[in-house]
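In what comes next, subunit A is part of two complexes: it sits with subunit B in the first one and with subunit C in the second one.
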Partner chain A sequence: MILSDYIPGTGLLWRLPPGSKLLALAALGTLLLAVPRLDLAALTFAAVIALYLGSGLGWRVIWRILRPMLVILAVIAGAQWWLFDALSAAMVALRLAALLLFASLVTLTTRASDMIAAFERALFWLRPLGVNPAKVSLALSLALRFIPVLGAITAEVREAQRARGLERSVIATAVPVIVRLLKMADDIADAIEARGYDPAPQSPRPTGDTRP
Partner chain B sequence: MIELRDVTHRYGERVVLQDLSLRLEERRVAVIGGNGSGKSSFARLLNGLQLPSEGQVLIDGLDTRTEGKAVRRRVGFVFQNPDNQIVFPVVEEDLAFGLKNLRLPRDEIRARVESALARYDLTELREHPAHLLSGGQKQLLALAGVMAMAPAHIVFDEPTTLLDLRNKRRVARAIAELPQNVVMISHDLELLRDFDRVIVLDEGRIVADDRPGPAIDFYERRMA
Partner chain C sequence: MSTRDIVHIALFAALTAALGLFPPLTLPAVGVAITAQSMGPMLAGALVGAKRGGLALALFYVLVAVGMPLLAGGRGGMGVLLGASGGFVLAWPIAAFAIGWAYQRARFNPGLPGELAILAVFGIGLVYLIGVPWISAVAGLSLSQAFIGSLGFIPGDLIKIAVVIAVTRTVRRAYPALSQGR
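For the complex of A and B:
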């Protein structure tokens, strides 16, 4: 699940609390796995497609999500066909596609920060075990923020090495990347401190809109 | 007012700032000096990111050693690399981070985020992933995040070094417009021409402390 795929919007799906969307996803997954029937899988698949189109997310978005999965779907369906029959192959493929699309629908309509806030509220109940929800949620935000930066750094290092005629080598790339990451981590820690971060546990935020 | 009393700073054995005593009362103070002369260490002492090995640093009378939290509320800090000071994936979330740390009420946070976005031309980009901003926009976002916290002083450590000329000018203009007291470390000597005071550091000592004209001349002759 890619958390940073949010598409800004104002429809019903965007306004639903993130916790309820995650619960719906879990419920749907359980239902589809517990009741392996072709009609149910097909119905769910159609319903999810309808949700996309109804919320203004068109076929292009659906295609963008399904395309990278087509090979895997084909392999799984092919194996089912070979092991069992065409009907069960269709059932399995439709079920997987429906779940995939529904999971993406959740991330497409939920801002990463709201998703994180939902996790934070859920984690609040783990506080007696020594879990500090504020810290966990900051860590998740940082991960989302810096994953693209990590990609950019790796690309830069590769480029510099290629310019000097160095062949592709995992170690030769990893070492400078890690050195830069450690330096970066220091700077980020300073920046967080300079902006007055105080991880003292707070009461959970009220549910609903957590935008600033 | 920022005051240093007999401040010496070391990393292990190595002395990086030696016996500094200073009062900074001007609105625009710059610190210049060669690489490794101790500028960043100096800047980091001013908001308690670092505590002096010896001596005291006082911000409006608050000692950074004993009043760290209050000091950080009074002194904002903008770093050299804009990439490493934006900690949230989306523009407006990052703006809100410092404000949430101040434990402000939600309406107040919302209002301050709005005005900071508008002030730095970021309103259109509010839901934009931070990593897709240009270098100049990132530095403006970092500045906006600090500004929104309404500190009394803002310290800049080479805020324009990594920017291209156009973004340098844009960030410089934003800094010039700040109502706050500013202490700025910089290699962009052009930016300092209308400062009130320029301090030149060399190997952890103050070798010049003057109006920009004479101080910059001194520095250029010394570096030549």
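For the complex of A and C:
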């Protein structure tokens, strides 16, 4: 199971810290939605395309990202044209395409693991609100591990229900999957605690003082 | 929060991802597909309550945002979350929390009319309350146009409510320990 769209590379975009790329995405999204102008949307679209080409990602990658969106873009632009005029249709379509391409650029140039690390660092600032970064990290890594496991369980249960002629029934699939899931949760929680996992002490650990 | 809570959060995030494996049914409307995935927030809220359910869907959102292709049809990444259906995905954690809150208030036994009401108000109403203005902002449509465009999904949502009620009731019978834990 491929779990990331990341394309390896060494260009400037790959070396930028993930946090700054996310901030740039948020800023661009806010700007484009706050200032609905055709020239701005077209300029941004051209700039994003230039970023792709400048990073050596090429037209093939751009096409791979745009192709699944073409239907939605066409429907949205069509609705705009019908309701307003061609200019606003072009503006909305260009704006959305630019945003989606830029967002995909962030995903393409950042490893999921780096993105998660950036996310965990950002969580540090939420500490005063009672968020414990260590617990969030545990949940994140558990979920990443469970997704393929669960995919396998779902496939297994569907296979078993196919033998009973029930493969089309969502209920006959969902119930055994969820029950197995809940049993698994108990076992895993026990296993984690049996290995002495402390859900991260809230107070910082004493450092240095304990050495003889 | 106990270790078990953390494991539950991770598992229901993963379950929502697994629900995306069912092939989606795309209507030629606004481009929002009917997927089994939107049962994720309903199941999480109804089975493990507000805190764990809401956090499970928040975790799912984060996993999609960092680029995991977990949304139905193998979509993922920031691009999809900013697209037309992004508002619905954003609404899921809030809906899961609200559903869990309502189920907890009823001690996880709201009775059939109660369950119907909770899932319709929070599982459909609240999700549309966030998702429809999002479509209208992204697609540049008026609120009423975006709403009319989304009406086609209501029948599918009603079927999902029926499935969720059937599933949660059966799971509770098969795993009674669930309602005894907090």
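By our rule, the second predicted complex is superposed on the first by the 159 of 212 C-alpha atoms of A that agree within 3 Å, B and C clash if a C-alpha of one lies under 4 Å from a C-alpha of the other, contacts with A are read in each partner's own complex, and residues count from 1 in each chain.
What we mean here is this: a residue touches a chain if its C-beta (ideal position, glycine included) is under 8 Å from a C-beta of that chain, and two chains touch if they have at least 3 such contacts.
Worth saying up front: this structure is predicted, and the values here are computed from it rather than measured.
Participant: Mind working out whether A:Leu144 is in touch with subunit B, subunit C, both or neither, as first, second, both or neither?
Facilitator: After superposition on chain A, A:Leu144 lies in contact with both partners, subunit B and subunit C.
Participant: For A:Ala174 in the superposed arrangement: first (subunit B), second (subunit C), both or neither?
Facilitator: Touch partner of A:Ala174: subunit C, not subunit B.
Participant: Who does A:Ala90 touch here: subunit B (first), subunit C (second), both, or neither?
Facilitator: Touch status of A:Ala90: no partner.
Participant: Which holds for A:Ile49: it touches subunit B only (first), subunit C only (second), both, or neither?
Facilitator: A:Ile49 sits against neither subunit B nor subunit C.
Participant: In the overlay, answer first, second, both or neither for which of subunit B and subunit C A:Thr110 touches.
Facilitator: The second partner, subunit C, only.
Participant: I'd like to know which partner A:Gly196 touches here: subunit B for first, subunit C for second, both or neither.
Facilitator: first
Participant: After lining up the shared chain so the two structures overlap, which partner does A:Pro8 touch, if you call subunit B first and subunit C second: first, second, both or neither?
Facilitator: It touches subunit B, and subunit C stays clear.
Participant: Using the touch definition from the top, say if A:Leu38 reaches subunit B (first), subunit C (second), both or neither.
Facilitator: After superposition on chain A, A:Leu38 lies in contact with neither partner.
Participant: Of the two partners subunit B and subunit C, which one touches more residues belonging to subunit A?
Facilitator: C
Participant: Check whether A:Ala24 is in contact with subunit B, with subunit C, with both or with neither, and answer first, second, both or neither.
Facilitator: neither
Participant: Touching subunit B in one complex and subunit C in the other: list those residues of subunit A.
Facilitator: Residues common to the subunit A contacts of subunit C and of subunit B are 4, 6, 112, 138, 142, 144, 149, 184, 188, 192-193, 197, listed in rising order.
Participant: List the residues on subunit A that touch subunit B in their complex, please.
Facilitator: 4, 6, 8, 111-113, 138, 141-142, 144-145, 148-149, 152, 184, 187-188, 190-198, 211-212
Participant: Name, in rising order, each residue of subunit A that touches subunit C in their complex.
Facilitator: Interface residues on subunit A, with respect to subunit C: 2-6, 22, 25, 29, 33, 36, 65, 68-69, 71-72, 75-76, 79-80, 83, 88, 91-92, 96, 99-101, 103-104, 106-107, 110, 112, 115-116, 119, 132, 135, 138-140, 142-144, 146-147, 149-151, 153-154, 170-171, 174-175, 177-179, 181-186, 188-189, 192-193, 197, 199.
Participant: Could you pull out which subunit B residues touch subunit A in their complex?
Facilitator: That would be residues 44, 47, 49, 69, 72-73, 76-77, 79, 81, 83-90, 92-93, 95-102, 106, 109-110, 113, 127, 129-131, 145-146, 149 of subunit B.
Participant: Considering the complex alone, what residue numbers of subunit C touch subunit A?
Facilitator: It is residues 1-4, 6-11, 13-15, 17-18, 21-22, 28-31, 36, 39, 43, 47, 55, 59-60, 62-63, 65-70, 75-79, 81-84, 137-141, 145, 149, 163, 166-167, 170-171, 174-175, 178 of subunit C that touch subunit A.
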